[in-house]
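Note that the chains are named A, B, C, D and E in the order they appear, and that numbering of residues resets to 1 at the start of each chain.
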């Protein structure tokens, strides 16, 4: 795949300087003004809003098993109730928080670990690069599912551990992308210029390398966010993800499978929620990629 | 070329060695062992009888000894036996591997056969209705949890047609149709994600390639749009698909477990998941190593294929 | 729609009708792993070996002990038993069953060889010696009076009879040689076990089919789909799915009790200041639980209250009214008072471990969390993998465990956990217990050595009441088992002893 | 215009769809190329040279670009052609070579096949004949061992050779007009000389007209019959090469000529530098677009100057307004 | 104090080709292959040659951005090539590795004004980077120095708070120059600093170079492929071919009377912006040979119109042809 070499020239949200003053305002860069990007961004923002403010708007307790079981949607329970008689809407709302948290943290772990490895490997090259990349190969070759199950087994199944497991499993992918992006940044004359000016390695990595691999990193992170949410669902399906009574969409979905025929809505709403968020994240990711890829932005 | 292959195979060996050490240590870090895991509703833990059994299973040996025994076995072609059932792994794999492999290959075939044309159409008709249809498929495909899709498919076919795919492995050589009937649904389920991925990727690279100078050259020659797309753009756009497909084969192979569980298929993934739940070290280690080997091998094949298709790549 | 036939002691379809012959396919929820007759702790293994191996005695459908491979038995004194083997009983390889086979088998029962585990030792009665009196007579002498022997010998899961030298002759993991109604044809791990009818079976009316297949289908949705599609003839289902299937004209849903009660387990250890050291706290937990609500939510109403001996276990369990009205009564007031008296008026927080793969237990935990919160006890639910759960349970490393118990050969098996002389009690679960009534242990030991059933019954009633009062374990309920069976099958029933003895009697009509 | 006129472009406008709407990048370009003549278009980066060329080839993406004006080629109005008709014109009557020889060839196809493809498209030769013709063309453009080279992939050739392959493709159907868009900027001077020589030679042999786009005034001086100078989307001066170089009519042309160091000049004397920078499309000033940088700027420059012609030589500068001689 | 600021002796830079851990390859690109060069204080030495002949590599080796494979580079009497490999000094100006101060005295300006500037940094930070890295001055004094530098290269002080993409190509090249000079460099390698610029901007930047040299008393190595440009800015010119210097002499002499057939071919190939100025071309045939496997003897012989038998056997040494004019050709007198 082509290395996103010049991707670096555009920031996702630019901080535009207004005149000579230090006043700044954040403005939506043109690439985020496409309908797709707006749709993606709205979905993501909406999810964040639901996750943060939802419990204040829909105040039903997501844990209270006090209604009749498996009720169809009604005014009191717009998404019906689950197999224990809990309000599905409340649980979907609460699940937004869990899913987002899992997605963000997993991707955060992966991005942090991956970019650290990738940057160091690309910057130092030679045996450092070889050693790190071999290590990444090993990690990569380990099936993600095995890794996740092992972490869950090791530390006990829980949300935190699922996040950690998914994060570790995805880290190699990030390491590779960051490394290849960093390698192409390394060929940029400004890196050599920094060296010529006597800038230290750490400073060069921090000030020159990192900011310029941010774009592919952001794009990748946005795509993996969706995958991580799905991965959490899969882990929950195997009983290794978020643990009851915490409502994660994946967990709800997997326990709802039993009732797909009796009361389909139990499975439909969390499923829809996953789809919509993953969709939003992907739309945003696509928009970012299109926007950040100079080739797709119209040729000069 | 031969030299390149030799060096790549050597690297592959190193990677697998690393994987073997990591997985060996990881599984031993897990709480509980095969005896604990097989307790059922009885009380587990340590007792004289159990300790004797642990000894008999080789679990009491020092770790390096256990590791070298395993590796020695592998090198001499002895895959070992399941700690849980005592069944030779070679037996277990002889049915699990072909089944999973076939599901994956079938899934990959579906993904490529549908994903590529869809991606091309989407790119060429960028901004038109077909593009939106394609992109919608691409989007939905990557946002559906596969186990959910599998459950839905099963329930739908069983309710609507009173039919479910057979969970027994039917050899494609004896009964090709039966084989296909048994595996098509699972294959379809795992293909959806990759299909969407391939579609999106082909679309993106195709858009990129269509903007390349040599495509402009082809148009400047007076070539028809169809020729431009098929002969000049597609071949270049498919290059990254090779890499991704190989990669996905590895990933799918490792993640068919969920689908196998739902469809009740005795495949590799099921074996692995059971192995992990049972703390059957021999099964986990060997299956994981097998998966890792397939993964690196697929990537190697992809690299070679890439070089064969793209004359610019030199294998050194 | 298909009707649902229910009885407390086990339900069945109309008696088996139609011709013998044909084939039946049954869905298993777990892989049997291997076919060994001894030391297999996993239920699924027994599901696969039950059609093959038999014991000297067995239970009938009403849980009465009746002769099986032994045509009759007698007990000249409290420590001696003599068994006369049945005429015409043959192993699948054609050899008749001899006394020496029994001697060989009982040796293995007491010390199961690998890959079996020696976990069941606690349930094996104190057998001193087994001798073959002649070709067809076996004498078992005991260390002392032990009322558990007949029950143990009826409990085929642990007391199968195999031909002498079998472990040397065949690979018992994948091959088998029993006396049961079915002969093992083949076993493919994670896939299926296939059988053919043993036409030399000593009960000539059995089996009702020519071939039988047990298919491993771990996902319930997969089993459901296969059943609806006619790929399998029956399988166990959850209560909720039984409702769906009740509407299916081709399927009949059977419902019956099996011995499988759910319970909470505490640890009381020296030096560890868990609230469980105080009896009142344990009792408070017992009374804080609203079992009826639990049964409604988790089991859709299909479960019974259970004491330490599960309902339906012969005449042994305490009456349901007694359990409901007092011993297991939901009484938050009383619970709060008990807690306050124990100095926990403000409640406390404790971790509840549960095996993550057993879904009804996880749901139960969620309900318990809600209910206990009412009396100020905050549960932190920690679902862990089965292997880790089992390890913690066996090592006594937990605050509160949610688990279940299965069938026991003798009623003594349900109370042995509370016997202070047992290693588990002494070393693992309750080494620090000081407030437990010593009467409990004394009665348990007395019960095990009292042979006459009429004398035993009052002892065990007393034991049960005491055990519930001491609340070392808190039993919750015993769910019903549901089996969905295709209408082409007749004579199938839900057996209290779990597994599927009904498959031996069931018949099928051509579909 | 003379009788031998092959291409006449009138009032060519090109606009691109951008985030801020339609941005004009080519503004009312008039050009003529006679048969067998070489017209050079010079101008700084971004002045619209390539876009003009692509418009002439009908290669601008219809969705993203809007082309207006008349393109008369041998009596046919190309601007009105359908895409299908364009296919017949492209490569047949008009051929084009691009600046980037590496990226302009398909990396996964053998060069022989890429040339043969063009032959097959525009003649009824069979594959074998097309292959032979490809080898012939390779020999024509001076590639040694053409039979062997035909089987090479683009990356196996040097930059100069790749550009020769591009030329071979362009020549495969003996076009009447060859458009060369900066064909030598990516090449070394010695190789550039070879390529330019080759184009000149082929032009004479095959009697093609050549429209050569460059920003190198040296190249223009050496190859052009006539020259057009572009600045900010407009042709600001057009005429015989000798006339333009010796008596530039537009201050921009004159400034450019002064700003180039010539062999033998030294730093003892500062180079003439045009102040300021070229305005970019979308930011074009009203009136004369060069006014802000012009030494001779005066009041009239606020108005857009028309083309003031002196014979075949014209310039868009108010200084050339014969009616306003007094304003100078 | 010697007249010579920088002296390269038998300087060689070879790059190994490919080669990972397991496949050690023996093939090498001899990018610079035995260069002898003296750069005098205050002069501008022009460096021309075809693409890939090693100009940039030589320039980088002179400021020790690549480690020479062999030979030495002396700067003001110190052997730069022998300095420790790790970076170009600790960068803290502590001089702990004996390199701190030197790093500031030798700077390089690259061809690509876009790539040379980190798009994520403000111009002020870019120009101040070298100062900060070398702990020169305080934050405030650095800012002052940056503004002064920017003004010196013709940019206003408001440039400090803007990003590179807000500037035109010529302005960006000025920023690059300001950055190099801010640390107080005395010796500047300018690697094709105007190749990417338009004609009208090129003259602005060239004038800037000339002015700065005078004002700051700088010494330049000026790399370009355009002989006219090099001729304009240089005092002396070195012509490179395939890793070697084939001719070196005073700018005017070299242009008017080249002593090497390659220089002559180069000169004749430069298009002149004068109609009718077209001179007789020394036609070169073929392409530049592969630097991995250069021809025997004289490396130019494969394209040389004057090649004779001796050229394949003997490598011509760099010989003087009067008044500091050196050429490496067996037939230099005949050119």
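Just so we're on the same page, contacts are C-beta pairs under 8 Å (C-beta built on N, C-alpha and C of every residue); 3 or more make two chains touch, one makes a residue touch a chain.
Every value quoted in this text rests on a predicted model; they were computed, and no experiment measured them.
K.L.:
Using the contact definition given at the top, which chains are in touch with both subunit B and subunit E?
P.N.:
A, D
K.L.:
Would you kindly say which chain has the C-alpha centre located farthest from the C-alpha centre of subunit C?
P.N.:
Relative to subunit C, the chain with the farthest C-alpha centre is D.
K.L.:
Can you identify which chains form the pair with the largest number of contacting C-beta pairs?
P.N.:
The chain pair sharing the largest number of C-beta contacts is B-C.
K.L.:
Subunit A to subunit E: how many Å between their CA centres?
P.N.:
Using C-alpha averages as centres, the distance is 46 Å.
K.L.:
Express in whole angstrom the distance between the two chain centres, defined as the mean CA positions of subunit A and subunit B.
P.N.:
23
K.L.:
Please compute the C-alpha centroid of subunit C, do the same for subunit E, then give the distance between them in whole Å.
P.N.:
Taking the mean C-alpha position of each chain, the two centres sit 87 Å apart.
K.L.:
Which subunit B residues reach two or more other chains?
P.N.:
11, 30-31, 151, 155, 159, 261
K.L.:
Hey, what residues on subunit E touch two or more of the other chains?
P.N.:
Subunit E, residues with two or more chain partners: 20.
K.L.:
Can you pull out the residues of subunit C that are in contact with at least two other chains?
P.N.:
Expected reply: 221, 224, 357, 385, 387-388.
K.L.:
Show me the residue ranges of subunit D that touch subunit B in the complex, using the header's touch definition.
P.N.:
By the definition above, subunit D touches subunit B via 57, 59, 63, 83, 86-92, 95-96, 98, 100, 103-109, 117-118, 121-122, 153, 155-156, 166, 169.
K.L.:
For subunit D, which residues are in contact with subunit E within the complex?
P.N.:
Residues 44-45, 158, 160-161, 188-194, 196-197, 215-222, 241-242, 245-246, 255-257, 259-267, 270-275, 277-278 of subunit D touch subunit E in their complex.
K.L.:
Could you please specify the touching residues of subunit E with respect to subunit A in the complex?
P.N.:
For this pair, the touching residues of subunit E are 20-21, 60, 63, 65, 87-93, 100, 103-104, 106-108, 110-112, 115-121, 129-130, 133-134, 158, 161-163, 165, 176, 179-180, 183.
K.L.:
Where on subunit A is subunit B touching in the complex?
P.N.:
1-2, 134-135, 137-146, 149-150, 153-154, 226-227, 230, 233-234, 237-238, 250, 253-254, 257, 260-261, 267, 271, 274-279, 282-283, 286, 289, 293, 295-296, 299
K.L.:
For the complex, which residues does subunit C have touching subunit A?
P.N.:
Going by the criterion above, the answer is residues 220-221, 224, 238, 240-241, 243-244, 296-298, 300, 356-357, 359, 362-363, 365-367, 369-370, 381-385, 387-388.
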